[in-house]
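The following pair of complexes shares a single chain, chain A, combined with chain B in the former and chain C in the latter.
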Partner chain A sequence: MSAVATETAFYAYGVVASGQRAAVPTRAAGAALEVVEAGPVAAVASVVSLDEFGEEPLRENLNDRDWLERHARAHEDVLLAVAASADVVPFRFGTISRTADDLRALLRDREHALVAALERVRGKIELGVKVWVDEARLRRALAPPAAEAASATGRGYLEARRAAQREAADAETFCADLVREVYERVAAHAAAAVVNRPQPRELTGRAERMILNAALLVESDATAVRDEVDVLAERLRGFGVTLEVTGPWPAHNFVDGADDEA
Partner chain B sequence: MSSRDIATSSRGLGHGGGGGPAQLADVLERVLDKGIVIAGDIRINLLDIELLTVKLRLLIASADKAREMGIDWWEGDPFLSSRGHDGIEGRLRRLEEAAGLPLDDGGKKR
Partner chain C sequence: MESHHPALRSEVTLVELVDRVLNKGVVVTGDITLSVADVDLVYVGLRLLLASAGTLDRFANEAVAA
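Up next is the complex of A and B:
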């Protein structure tokens, strides 16, 4: 009687088609999953405590690096677990409703957009394609061998400076062309493709510069993209250029626009 | 958008080309910045998130900020107009300036 019942809410990870609700696992990433159905779509959700996910606690928790990492990864892991057996449209982190009925109302309001997004991602997964460049190696690879012979005279110094500027400009042009070519070649194997902002070094922790950060919506069997990347990587190895494929991911990059901030 | 219907024998979901957990930056980029936004009962203002550094916050905040300002270069094909020196980097710099965020791109300034 005196025990304080913690208030709870429904945290929704994403939606599946109601017809596929039986494929949703009952647990994933340490969380018990509930399916909240509203017509043709069903949300995959967990019951969470408002002590943790209420407005105020959440604001603090979002600033806690470890909390954020743990829950962001859990969000993703749940979606991946669901995606293993059903098509899923991911929600952004933090879609929280007080009750199952509130969640159903949200789903009903956006039924059309959610059904369209499910149709778009059906049978597909998302891959990330990144291109990294070791700029010093690239410049060396592009520089003509004669450039080493700069003399100690003033004229030699100026020439060396000009050569260095040319090399930097050449490297930039090379990167711009390269990024476009890689993007076009991998996008040719995709149903849809987007380019995201390259991640800064502070975030990647890598010495190389990220010059392409693309996402592709591809058939679940993604070998065409991987083969293409292998061919490009082989060709570019001598230029200090590395290609990376990440994923499969839930199709985060290809469901946007189906809903606007309400 | 073409809905290519395929029979999926195995979806084989998992992370990273070489196994191992996904990079946190990749997870946050997707989970915090991508995916359908449904304003539930509890609204999250992602601009509240301090995260690891101002830089990380900027990454997360940039898309929404930019959309607010009507800048949506990443939604098209940015490479068509990114030839020359002031391509993506230059546009990012302007975006960051417009967003009133501190500039520093790892010593890449010219």
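Up next is the complex of A and C:
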């Protein structure tokens, strides 16, 4: 940390249009919220202590699992509370300015991109769409009702091996086609859509494999997507495939590029 | 908690949270922020998740027990 010993700083959660500043709650997730306005955009922020959020302490706190989880949840909860009554462009975790003037300068520097991002998310919410597959069930569902009883010797063994390889390949093809179809069908109801890397099993803790991890930007009445997912889920139930819709979320996935402005 | 979406809260798993709050959103870089702009939050998030998945905990517990 530099020698300038300011006590506090502004932690910015995200940005709303100045015209909606009155809709921002005064408290959320246990934190008092301040609105710092610069022209057409206003940051939703909290005053935080530099003892906790100064560069050195922050680096240490990022290594503290409980601290990080607690503050990541608070970040999200504040955004959700704001999103309940205003359109909000989320900042990534840990956007901190020393003073309100610095924060206003930051907003002015990026005004054009932030206004564009607010325009993009206006009246919309983010949904997550995930597809999970129970691979053993899928293979069983795809396997021909067969001479599985072949012995593990000689020709029977080789045939069984080939059959297993064929089933694995069939399952992969099935999943690839499925992912494409689900994505296309849900994205058709969205203003924008992105595919993120599926979360690995070590992190999800689930027995099924995640094969699609998509995010959609949709009108806040998201029934079209949910209905589409219900139809697909019904059709796929027998294949060990589960579809999941998460959210509504603040539009984390659709504000990227707001900092690209030269 | 004063979230306006109480029903959502229990659904927000840590992996979802990390996927969005640490990995996404507008990234502001430059002199004007103290921020963690030069810290790889994707990596920090991954470490958090691995810790919660029990991988790091196990090592930590073994270290304490030793």
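By our rule, the second predicted complex is superposed on the first by the 250 of 262 C-alpha atoms of A that agree within 3 Å, B and C clash if a C-alpha of one lies under 4 Å from a C-alpha of the other, contacts with A are read in each partner's own complex, and residues count from 1 in each chain.
Please note the rule applied: contacts are C-beta pairs under 8 Å (C-beta built on N, C-alpha and C of every residue); 3 or more make two chains touch, one makes a residue touch a chain.
In this text, all values refer to a predicted model and were calculated from it rather than measured experimentally.
> Answer with first, second, both or neither: which of chain B and chain C does A:Leu80 touch in the superposed model?
In the superposition, A:Leu80 touches chain B and chain C alike.
> Between chain B and chain C, whom does A:Pro90 touch in the aligned arrangement: first, second, both, or neither?
It touches chain B and chain C both.
> Could you say whether A:Leu62 touches chain B, chain C, both of them, or neither, answering first, second, both or neither?
both
> For A:Ala29 in the superposed arrangement: first (chain B), second (chain C), both or neither?
Second partner only.
> Name the contact category of A:Ala72: first (chain B only), second (chain C only), both, or neither.
Touch status of A:Ala72: both partners.
> According to the stated criteria, A:Ala105 is in contact with first (chain B), second (chain C), both, or neither; which is it?
Touch status of A:Ala105: second partner only.
> For the three-chain arrangement built by superposition, which of chain B and chain C touches the greater number of chain A residues?
B
> Go through chain A and flag every residue that touches chain B in one model and chain C in the other.
Correct list for chain A: 9, 14, 53-55, 58-59, 62-63, 65, 68-69, 72-73, 75-76, 80, 84-85, 89-98, 102, 106, 110, 114, 117, 128, 196, 199, 202-204, 246, 248-250, 252-253, 255-256, 258-259.
> Which residues of chain C touch chain A in their complex?
Counting only chain C, the residues touching chain A are 1-5, 8-9, 11-12, 14-30, 32-36, 39, 41, 44, 48-53, 55.
> Mind listing the chain A positions that touch chain C in their complex?
On the chain A side, the touching residues are 9, 14-15, 25, 27-30, 53-55, 58-59, 62-63, 65, 68-69, 72-73, 75-77, 80-81, 84-85, 89-98, 102, 105-106, 109-110, 114, 117, 128, 196, 199, 202-205, 213, 246, 248-250, 252-253, 255-256, 258-259.
> Over in the complex, which chain A residues touch chain B? Could you list them?
By the definition above, chain A touches chain B via 9, 12, 14, 53-55, 58-59, 62-63, 65, 68-69, 72-73, 75-76, 80, 83-85, 89-98, 102-103, 106, 110, 113-114, 117, 119-120, 122-125, 128, 169, 172-173, 176-177, 179-180, 183, 191-192, 194-204, 209, 219-221, 244-250, 252-253, 255-256, 258-262.
> How about chain B: which of its residues touch chain A in the complex?
Checking each residue of chain B against chain A gives 1-6, 8-17, 21-45, 48-53, 55-56, 58-59, 62-63, 74-75, 77-79, 82-85, 87-88, 92, 105-106, 108.
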